[in-house]
Amino acid sequence: MKLVTAIIQPEKLDDVRDTLSRLGVTGMTVTEVKGFGHQQGHTEKYRSAEFAVDFVPKVKLEIVVTDASAGRITDAIRDTAQTGRIGDGKVFVSSIDEAIRIRTGETGDGVL
Amino acid sequence: MKLVTAIIQPEKLDDVRDTLSRLGVTGMTVTEVKGFGHQQGHTEKYRSAEFAVDFVPKVKLEIVVTDASAGRITDAIRDTAQTGRIGDGKVFVSSIDEAIRIRTGETGDGVL
Amino acid sequence: MKLVTAIIQPEKLDDVRDTLSRLGVTGMTVTEVKGFGHQQGHTEKYRSAEFAVDFVPKVKLEIVVTDASAGRITDAIRDTAQTGRIGDGKVFVSSIDEAIRIRTGETGDGVL
Amino acid sequence: MRLFRNQRSLYGIVAFVLLGMPATAWAQEGVDSGDTAWLLTSSVLVLFMTIPGLSLFYAGLVRAKNVLSVMMQCFAITCVVTIVWTVYGYGLAFGDGGRLQAFIGMGHFLLLDVGVDAVSGTVPETVYQMFQLTFAIITPALIVGAFAERMKFSAMLSFMALWVTLVYFPVAHWVWGGGWLGAMGVLDFAGGSVVHINAGTAALVLCIVLGRRKGYPATPMPPNSLVLTLVGASMLWVGWFGFNAGSALTAGGVAGMAMAVTHISTAMAALSWMAVEWLNDGKPSVLGIATGAVAGLVAITPASGYVGPVGAIVIGAASGTVCYIAAGSVKKALGYDDSLDVFGVHGVGGFVGAMLTGVFASELFGGVGLDNGIGSQLSLQFLGAAVTIVYSGGLTFIIAKVLDRTIGLRVTDDDQGLDIALHDERGFSL
Amino acid sequence: MRLFRNQRSLYGIVAFVLLGMPATAWAQEGVDSGDTAWLLTSSVLVLFMTIPGLSLFYAGLVRAKNVLSVMMQCFAITCVVTIVWTVYGYGLAFGDGGRLQAFIGMGHFLLLDVGVDAVSGTVPETVYQMFQLTFAIITPALIVGAFAERMKFSAMLSFMALWVTLVYFPVAHWVWGGGWLGAMGVLDFAGGSVVHINAGTAALVLCIVLGRRKGYPATPMPPNSLVLTLVGASMLWVGWFGFNAGSALTAGGVAGMAMAVTHISTAMAALSWMAVEWLNDGKPSVLGIATGAVAGLVAITPASGYVGPVGAIVIGAASGTVCYIAAGSVKKALGYDDSLDVFGVHGVGGFVGAMLTGVFASELFGGVGLDNGIGSQLSLQFLGAAVTIVYSGGLTFIIAKVLDRTIGLRVTDDDQGLDIALHDERGFSL
Amino acid sequence: MRLFRNQRSLYGIVAFVLLGMPATAWAQEGVDSGDTAWLLTSSVLVLFMTIPGLSLFYAGLVRAKNVLSVMMQCFAITCVVTIVWTVYGYGLAFGDGGRLQAFIGMGHFLLLDVGVDAVSGTVPETVYQMFQLTFAIITPALIVGAFAERMKFSAMLSFMALWVTLVYFPVAHWVWGGGWLGAMGVLDFAGGSVVHINAGTAALVLCIVLGRRKGYPATPMPPNSLVLTLVGASMLWVGWFGFNAGSALTAGGVAGMAMAVTHISTAMAALSWMAVEWLNDGKPSVLGIATGAVAGLVAITPASGYVGPVGAIVIGAASGTVCYIAAGSVKKALGYDDSLDVFGVHGVGGFVGAMLTGVFASELFGGVGLDNGIGSQLSLQFLGAAVTIVYSGGLTFIIAKVLDRTIGLRVTDDDQGLDIALHDERGFSL
């Protein structure tokens, strides 16, 4: 199994989710994260104190998928989350040794 | 070393932690996440605007453990976090190449 | 490629970021997490209700780097985030099969 | 007051005599504009105590998933009681009950007979009834703290409509409306028994009938925001000046002294709670000092028009300490789940105040004086408190049980939180 | 009032006659300290409605990234209107327009002629103009809800300065300042047309000229905190007593009845909205009961000095129900993006109130009575509302278009949120 | 006032003469119910300024981990000062000091001699002392902003008890209690020197003795919620009407003008700060407009009973601009860590106001007039300010140093946050 980790623009979350469910992805886990990268942050000013906030809010999707479907899914995420503007984000793929569904205890691809 | 990632119901966090410490797990990292899956979300309504919120709050546990103990620990999590109701969550296991304790700089299983 | 995951004290975030950019790291993803470990938490008391909060706030850095640079980067994090006090945190290294830049679709080390 | 009423008409006569100017040229017969201004203001202040004051105080203390539900309860109670009051409540509490006057009032249906020109004392009756209404609103709202985080909204509405009708209006009539307790000489200036003991007792009974919150006391249930709670406590403090000083019904020395002693007692109670907590638990807390302040406000309520600064200091010190124990070790020991300590603070604080009124109203301690000495007043005060406890406790039990059997009091599952479960809303989306 | 003014000076004469004491020894000629106390308090209450009341009500309803922007708008409007009013606004609205009196007032430049001793009715003119100023502040502030989350701050400032000058001051003069509508007998006790229909119409026009928020209605835009909104609604409720009961300008029976009916109507409207929503949508909501309360406050505003409790109940029930429909299905159907329903609540609620005033002011229903019966009063009330709608709608359209062509009304991109984009600040860093 | 007092008793005589009705039938001798209503209301408003007003203003500006600590400080100060005042403070500030009268007052121990019937001017003395107490509460509370996020709670309590005793009560006596500064003709209507310069100076000295917060200025310390801060600023604004207009002690033209100029100055200062900031930093900010408003409120305080609208506009414009510079570039340059700019806003704003009072109180600018012309009044105003600065600065330094040597002023480690470290509580659990 593969873990597909995608860091995307928050506005894109809903679109990506729709695309993925159309691809038969039934589950995923989402985390609000702060991203550092090429994309500019903003500055804040409070009376005499001014400072640059150089992170930008992003959401991280973690989706465990079968080896077979990994490619299709990363492509789908890339295509859906793309705006062409700096800050669109990244997709990382790594390997998962095992997956267990807590409710039933079952393991393997069936879990996903 | 293995990374055990468990996505569970927030109410179960304390129980799982207790079980794990009884198993000698001394550390873990917890993140509040939003889960999408079979479990239903809820709807919200504000005057004329009604919409479905289809994620459910979950907590993600990340525990790096020795290869030897991985099995015991995943089993323990599964048994403790299980309610049998949809949404109990998942456990994923992957491999960690190296672990370092920042305070001492030491590496290897001793770190965990 | 390697995924360097560092769990550090929130106060250390800025220092670590500076060090890493000096090392040429252009991007990373940061998550606010709760840490359990040797470090003591605190107690809270509200009228007759008293309870121990045994997690401590930490931040988790996730940095995908080239195999070559992984060592340098983990060392840098360790040295910068170290205070010598319990709770400094951990660094974990694991493997990434693939990385994609959503904006351009390019893959491989160039993405990082 | 009565003679004062003649004053203006007297001017009328003077004016007429001297300049042949018709008395009708004067402001409303018998109405003093200054007293009216103060009672209008006081009505605003007492409503302000409930919304947003009390609702913020409570909102901050529950878990984030229930924050809206308690505010909704306070707000809905305000609305329901207002309508009930307008239709028949004012009559039951303050109307003339004729032969039944000792027990209950009558009349004033739909306030039809409370016209623009109706006068009560030195203020328009419209203002007088409005001021009294705000008391009828906050009393049931106080009970919300006891059943927070688990009661059905529909059951809550029915309970409150019944409770004000069967419990609050009669008790208010007994003490303030010309009923038997007031006639006997029970002293309750602004509502130690009528409001606080009454609500506190109902709170205790209701939370026991309802049962504990799921997971209580094992699971930690931290307040979602003590910022809101402290803001609420502060609003209660400032609003309470309308409650106590407004109860003088005139803008003069009595109101002035009532405000002064209210303020002193509150400060003293807050400091006492803080001190005791600091000694026992090692640290002073925001929730502690705020709760102490409320305890002091509660305890001075029945005394505010009768005692002086010295009395205020003692009443404050006593209530802060006693309530700390009641809401702390006692509650823990007995194990009932009065979520936000309505009984421990309002029930107990109200009792402390009611009793000490019997002592410090004496001229000995700078009070206005007692007709038959401290001893007999104390027994009267005890009678007033005891009657309220028994009546309110009994009726509350019956109402709660009946509703539980019929429509059911509790939500099926507290886990999800009442905001989503009952209102399809979330308190915060930050 | 006029005769009342003579009263004190009469005392002066009496005093002089009897004791040879100079009249100058008296308090300010013609000023009643009680009426003054109440109007000072009312001014405080009406300002309190806008900041923090209204700004909290609105702040809670927008998304977290825009929470500061709406509060900033309310606060800045308060400041700008205050200066405009001081320089020439009071003159335009309440000055003597001489030959043009029917249409516009004049004078009072920089309030130079409003001295410490100037008297209006039974209160100092300084207090009278202050009270009226607070109305001139809240009216434009109400409009903020319509263009929330997308309007440029600079454009907002210009719009408001122009709008109060060209729209509010004239309309206020027509109804309250001695202008033609008041002269014709249109009844608007505290601002059903002048304030609410006026602001509601402007809100509708402006939000249409401005266009919808990016993503509306597809994207969910949940309120960042209904806790803030309910606190704001509660503050509006208590502050509104200054608005309506203060409009009596004296502390007597009229103020008392105004406060009572305001309270009754509000409670009734809140419950009606809750009931209708419960039936239609399955659950009662915090936002629903709060919005209902505001609708009731709005609708009773023109009626508050003229109707009795019965009228208040009907006006409350009607406004709660009608506004529920207007801010719900109607708005959805028409598809305009009045972000926080200013038109649906203030425009529609104000209209309901204006018309029903023509009915329930009649003695038939316990009102103060109508000179020419319900029928003709209704047509007068309709005239007042219609004139306001046409005038306010037209002028607002022109002002908005002109500004859009010149400096531009909209921010370039709503995604980032106005707080960062316009003010370099964030609402919360928890 | 004095003559006014005779008025009612005069009525008494009139009544007696005409109808043989005993004067005792009247309301309290010499008390005017309207004036009393307004001073009762004003006392409520000024307490409202501190809790919740000021405590919200400050709470929003600190980091989330310290949000409770500042609210706790404001609340505890309110309680401590109340008790100190009741025991001996009122005597020291407003009692008759006999031979020492120029320097300090005496008596009124435990307010034993302040009975229900005691009268001061046209109001009960109970009300007068209550009103004055609220000033004694807010002055030390203002200082909280300077040492926020790092001072020990225990040290804070001791400091405040000593500070009000050794600094506030004497200074208040000098200016308002019959002391030498008032006698010399220094004009300070509502507390430019007594309250703001006094607190501002103490704030500066204390924050220097205490030292900077760990990480200041390198580490960003963003306000946890400007929503709370703006709500607090709004509450300060409305509450301030009690502060300034209440200081007239009567409900008449002086109160009316005081309220009007307070409002005008505040609006003008807020706009000036906004304008200067917009020009210098490119964007107007919520914190800027709010701070500007507070600066305007501070600056008009000493002038409020003496100047007219024109004076208010200039005072507002001046204070908004000057305080922007003081709290901005100046503070940055000097490098002291006055966390929430108490000195830059209250110290500097108070000074600007004190001086300009000497100019705009002149009839030339629509003021009430000066006995010896602007020139000599200016020197008097400067004297008042200078004396306050020197005395307050010196005593504050001594008290702070002594406490630092004995119990220690600072917490051991600011990182954890004071809420957990000192109170075992968290501000938010969302």
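Here the chain labels run A, B, C, D, E and F in written order, and each chain numbers its own residues starting at 1.
What we mean here is this: a residue touches a chain if its C-beta (ideal position, glycine included) is under 8 Å from a C-beta of that chain, and two chains touch if they have at least 3 such contacts.
The structure presented is a predicted model; accordingly, all values stated were derived computationally and were not measured.
Student: Minimal path length between chain A and chain F through chains that touch?
Tutor: Graph distance in the chain contact network comes out at 1.
Student: Just how many steps, at minimum, does a route from chain C to chain D need if it may pass only between touching chains?
Tutor: Tracing touching chains, the least step count from chain C to chain D comes to 1.
Student: Identify which chain pair among C-D, B-D or A-E reproduces the interface of A-F, meaning that over half of its contact pairs, matched by residue number, are the same.
Tutor: C-D
Student: Please state whether A-E or B-C has more C-beta contact pairs across its interface.
Tutor: Of A-E and B-C, more C-beta pairs in contact link B-C.
Student: Need the CA-centroid distance for the pair chain C / chain F, whole Å please.
Tutor: That pair's centroid distance is 48 Å.
Student: Where the CA atoms of chain D average out and where those of chain F average out, how many Å apart are those spots?
Tutor: The separation of the two C-alpha centroids amounts to 32 Å.
Student: Find the geometric centre of each of chain B and chain E from their Cα atoms only, then give the gap between the two centres in Å, rounded to an integer.
Tutor: 53
Student: List the centre-to-centre spacing of chain A and chain B in whole Å, with centres computed as mean CA coordinates.
Tutor: 18
Student: Indicate the residues of chain D shared as contacts by at least two other chains.
Tutor: Expected reply: 11, 14, 32-35, 37-38, 41, 222-223, 281, 283, 285, 287, 424-426, 428, 430.
Student: Mark out which residues of chain C touch at least two other chains, giving numbers and ranges.
Tutor: 31, 44-46, 94-95
Student: Can you work out from the touch definition every pair of chains that touches here?
Tutor: Pairs satisfying the touch definition: A-B, A-C, A-E, A-F, B-C, B-D, B-E, C-D, C-F, D-E, D-F, E-F.
Student: Touching residues of chain A toward chain C in the complex: what are they?
Tutor: 2, 6-8, 31, 33-38, 55, 58, 60, 74, 77-78, 81-95
Student: Of all residues in chain C, which touch chain A in the complex?
Tutor: 3, 17, 26-31, 64, 94-103, 105, 111
Student: Help me check something: in the complex, which residues belonging to chain D touch chain E?
Tutor: Checking each residue of chain D against chain E gives 11, 14-15, 18-19, 21, 25-28, 31-38, 40-41, 43-44, 47-48, 51-52, 55-56, 59, 67-68, 71-72, 75-76, 78-80, 82-83, 86, 110-112, 114-119, 123-127, 129-130, 133, 153, 228, 419, 422-430.
Student: Provide the residue numbers of chain D that touch chain B in the complex, in ascending order.
Tutor: Residues in contact with chain B: 415-416, 420, 424-426.
Student: Please give the residue numbers of chain C that touch chain F in the complex, ascending.
Tutor: 11, 14, 42-46
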